[in-house]
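Given below, in the form of structure tokens, are the structures.
Next come two complexes built around subunit A: one with subunit B, the other with subunit C.
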Partner chain A sequence: MMQIRQLTRSFATATTTTTSNIPIKSSLILSRTPIVTQDISEFEKLFYNYQEELERRLMWTFPKWFYFKKGTVAEREFSEAQNYPIPNARGVWFPQGNPDLKHGRDRRFKQEVILPKKHIESDNNNKEEDSDNDFDNVGRPIRANSRITKFDKENDQTSLERKLPRTLYLLVNQNGNWKFPSFNVLSENENSGLHKIAEDGLRIIGGDKINTWSVSNSPAAVIKYDSNNKIIHNTDNNDQLITREFLIKSHIIAGKFDLQKSNNSVSDFKWLVKEEIKDLVDISYYSKIDHLLSDI
Partner chain B sequence: MFTVRSTVKTITAHVKPTQQLRYKRDKAGLNPQLERIVNQLSVMSAARKQPRLLKLCDEDYIKHRTVMKAWSLYRKNKIEHNESLLEKQYQSMNEAAAELQSINPKLYEIANEHQFGKRFPLEIRTPTDFPPRQIWFYDYFPKVDGSKQQ
Partner chain C sequence: MFQQSVRQFSSSAVAQKVGCAQVKPVHHKVRIIKKFLSPKYPELKYEPHDIRSPKYKPYLTTPDRVQDHYFNTLQSDLLLINYRHGQQPIYGNKRRQWDMTSPYHLNRPLRKPKGQIVPSPTIKPRTYENVPRLEGVTLNCFVKDAKLYPAQAISAALQLQQITGCKPKAIFAKTNVPNWKLRPGMKMGAKITLHGRDASQFISTLTEIVLPRTRDFYGISNRSGDRYGNIAFGLTAEEVKLFPEIENNQDSWPQNFGFDITLHTSAQTDADARILLSGLGFPFTGSERIPKTLLNDLVSEEEEISTTQQ
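On to the complex of A and B.
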């Protein structure tokens, strides 16, 4: 049985060895995934605010007696922090209708639960800054880092630390064209596969101090060029002169793309988001890669 | 009318207090254990905690309907856009695979090999609301291939 199988396999390889010399290229779409969460649009912001207000209006009254035992210091601090509404009283005219208080909440409106401040912030500003940078100090105030980095302000497009909520893509200026880095598939390196050729080529032009993770062995798209390096859109002609460029997707995880001086074909590189790519590359090239790039 | 307090009183009338009391507390209310049960049940009951019913006038109701409709349209467009993107990506993958198979079956075979043990890398970050102090790790050195790697 095994022999038969081997026999059929050998026949299979025999047929596949008749590959022609059609020029093939392997291209790498190297992306940096978002580091911070997506920015929400103005409409989404407004809608979420509306929903939250509705939810708060329809909220049950906060059961203070459950969380704070009567007569404790915590209960007193909590009670002091609240803004209690004015209760209804006979003979008093309320222009916005009579208050309807239950458990210290006006049931006609939302309840605002205010938490008492635990620690008093120091008045001295210098002292605060000192304690901010003192990472050994566990009691330092918690402050979130900015979502906009200095590279955003400088608009340094070669930096990996720009546009944190978006996916960045590596584009190189290869032989005068801005595109994803692409590499020739030669007969000697054909055995390693398209993904390996693309990953190895990236290390030749960008140094090997880069950690990448290719999404798949198989290509995400194909772009065809004619002999004049123009993109062909129709798929009928099976010409020997047509160059086929296969796009492989990959993520950068660590390290950096460091342009090697020894390489002549690549002169420049940029880390860009989708909209910036649209402005930079050829329209015909962009139409081929448009759907492969993330909107986020 | 049943209140939480009265029902608990009738159900648990036979439960004896475990805590030793100096004086008889018949009139002082429930014992501490029952008090706690009443407290916990009262959190779940709607009595005296529900807000007034929200009554919208016609204009406000139309506004509310408009907002919800706009949101559903926005969501629908977004989902449809994503679906069309996925469809296009699938088509282009298909096209690339067919092309590769026709021009170079060997590369096609390598491209379709099953990748055993392929996992998403642990080093990759999940997006957070705010960036870390060190945003990117630059000092990466490639692993020296040991006996495990080919």
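On to the complex of A and C.
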């Protein structure tokens, strides 16, 4: 216990150096946060739909008179777009109950407000594609991009534009093992901080055309290796030759990871989600990083 | 155990005393809610979150992407950012004991804290249990002209309702200022406190549509805050026009009203609250002043060495 405390303190305060013979590594959990909203299950979809319809059933009637002044073109267009329910009439039998109309709304059912279509959208179909590509036209229709990109279809795991609703993590094939990129803390830069070493190391293996943000200079976790480079699970091991690997969290903001040919230790890299990491990395390594990874 | 009071000669009167009258009608000490006694409107007895209650309002109508972002990314990051090794609680200024020099100190309420009236909270070490989160957003719209033109208070309430989609409450003047012709009880505007999805919807509109387009907005001032994790700033009438709900229906809004926004967080200090809010997309500007007392929360080196050697 004494050993560990001294170790961490010397890095935090950068005063004493007792670490020269204790091997330390700094590892980087580089993640790309989700770009689009998360996927929801079929049950959630039905639940939200039910709640939304219920809200429309219980809500106040849409105040048409407030948004559309009487006698204007906008009011006429709006009125034409609505599907008005059948009004109640005396002496008529309605098999599904008598309509209960107020301000053109049947209060027994959910309220549906239909917005009139804009003139641009009602153009002919042949013109539609032209107006999409006409970038000078400010009034061109807004169309959402697909949530599934071409890299998803190709299953290109080196691309950052895959699995948009999920968190991607950078894994590298370092000395034959798939793991987070990890870097030795050398005696000349041992006072510069673990997060600094990890970020500098990332630039060496991945080029400097990457913009990252280190979450904190405190490590998120530590993994201990024995002299045979095997992960130690029990913490009471007092072996002097334990290698400690500190995991630093970071997010990629811009740019991309571009594997440098000059570096021999790293042969390959992948951007993966949690389940894919589980399939790829060693079981003992995954058990140490499992709780650090986002499920979404 | 029953103890006889010094000032009473008889002990039996106290011992036999009942909490409420025994003779009908019994005046209960516990307040009775009449709707629970009457069989007339059984649906009024349900809780408002019960779907059978007439007060029921469905609110889980869409997924909440601000909350998703918080739980997936922000929460674990905040824990790492705020965590410092060897943090210790900073004890707040609490109410003091009387020194018992006078017999009247017995059973007297505690003495005021030193140098202040309200006790200040203890700042606890940051753990996984107290990661800051956004608790709510209050919009407060006080219209100065409402004392001359009372209709403007109604119009301000309508504007808040248009922006947030929730029903605001009217606010009234509390003080009498004869020079300003202000008297207590005048309706002066509206306020609303948003929670959950409404708050998420409001802050995403604010950070993604309104604030990026406001002129000369460089960020919320770093000097803002109430010391205990609530950050406030204001929007002028010009900036309010940029809300899409107002902007797309400008003809209906001949006049707009600026309002104050308070972001309530569960952070213990303003600095922690700012880290959370910048993660939610609010920019901050200006020099930050952290009180010296908040910086002395680490164990000193000598102390730490002595504890490790023991």
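Criterion: the second predicted complex is superposed on the first by the 270 of 296 C-alpha atoms of A that agree within 3 Å, B and C clash if a C-alpha of one lies under 4 Å from a C-alpha of the other, contacts with A are read in each partner's own complex, and residues count from 1 in each chain.
Quick note on the criterion: a residue touches a chain if its C-beta (ideal position, glycine included) is under 8 Å from a C-beta of that chain, and two chains touch if they have at least 3 such contacts.
This structure is a prediction, so every number in the text was calculated from the model and none was measured.
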Practice task
Identify the partner contact of A:276: answer first if only subunit B is touched, second if only subunit C is, both if each is, neither if none is.
Solution key: neither
Exercise for the section: With the two complexes superposed on chain A, say which partner A:47 touches: subunit B (first), subunit C (second), both, or neither. Expected result: both
Exercise for the section: Could you look at A:190 and tell me whether it touches subunit B, subunit C, both or neither (first, second, both, neither)? Expected result: first
Problem - First (subunit B), second (subunit C), both or neither touched by A:156 - result: neither
Exercise for the section: Of the two partners subunit B and subunit C, indicate the one touching more residues belonging to subunit A. Expected result: B
Practice task
Please work out whether A:167 is in contact with subunit B alone, subunit C alone, both, or neither, and reply first, second, both or neither.
Solution key: second
Handout entry: Touching partner for A:77 - first (subunit B), second (subunit C), both, neither
Key = neither
Practice task
Examine A:55 and indicate which partner it touches, taking first as subunit B and second as subunit C; both and neither are also allowed.
Solution key: second
Exercise for the section: Look at A:255 in the shared chain and tell me whether it touches subunit B only, subunit C only, both, or neither; answer first, second, both or neither. Expected result: first
Practice task
Check the residue A:200 against both partner chains and state whether it touches subunit B (first), subunit C (second), both, or neither.
Solution key: neither
Problem - subunit A positions touched by subunit B in one structure and by subunit C in the second - result: 33-34, 37-38, 44, 47, 54, 58, 66, 216, 218, 220, 251
Completion exercise
In their shared complex, subunit B is touched by residues of subunit A numbered 15-17, 19-20, 22, 24, 33-38, 43-44, 47, 50, 54, 57-61, 63, 65-66, 100, 102-103, 105, 107-108, 110, 144-147, 149, 160-161, 164-165, 185, 190-195, 208-211, 213, 216-222, 235, 238, 244, 246-247, 251, 253-256, 291-292
Handout entry: Contact set on subunit C toward subunit A in their complex
Key = 56-63, 65, 68-69, 72-73, 76-77, 80-81, 83-85, 249, 251-252, 301, 304, 308-309
Problem - Partner subunit A, residues of subunit B touching it in the complex - result: 39-40, 42-43, 46, 48-52, 54, 67, 70-71, 74, 85, 88-89, 92-93, 95-97, 99-100, 102-107, 109-113, 115, 120-121, 123-125, 127-133, 135-142
Practice task
Enumerate the contact residues on subunit A facing subunit C in the complex.
Solution key: 1-2, 5, 8-9, 12-13, 33-34, 37-38, 40, 44, 47-48, 51-52, 54-55, 58, 66-67, 69, 167, 215-216, 218, 220, 249, 251, 294-296
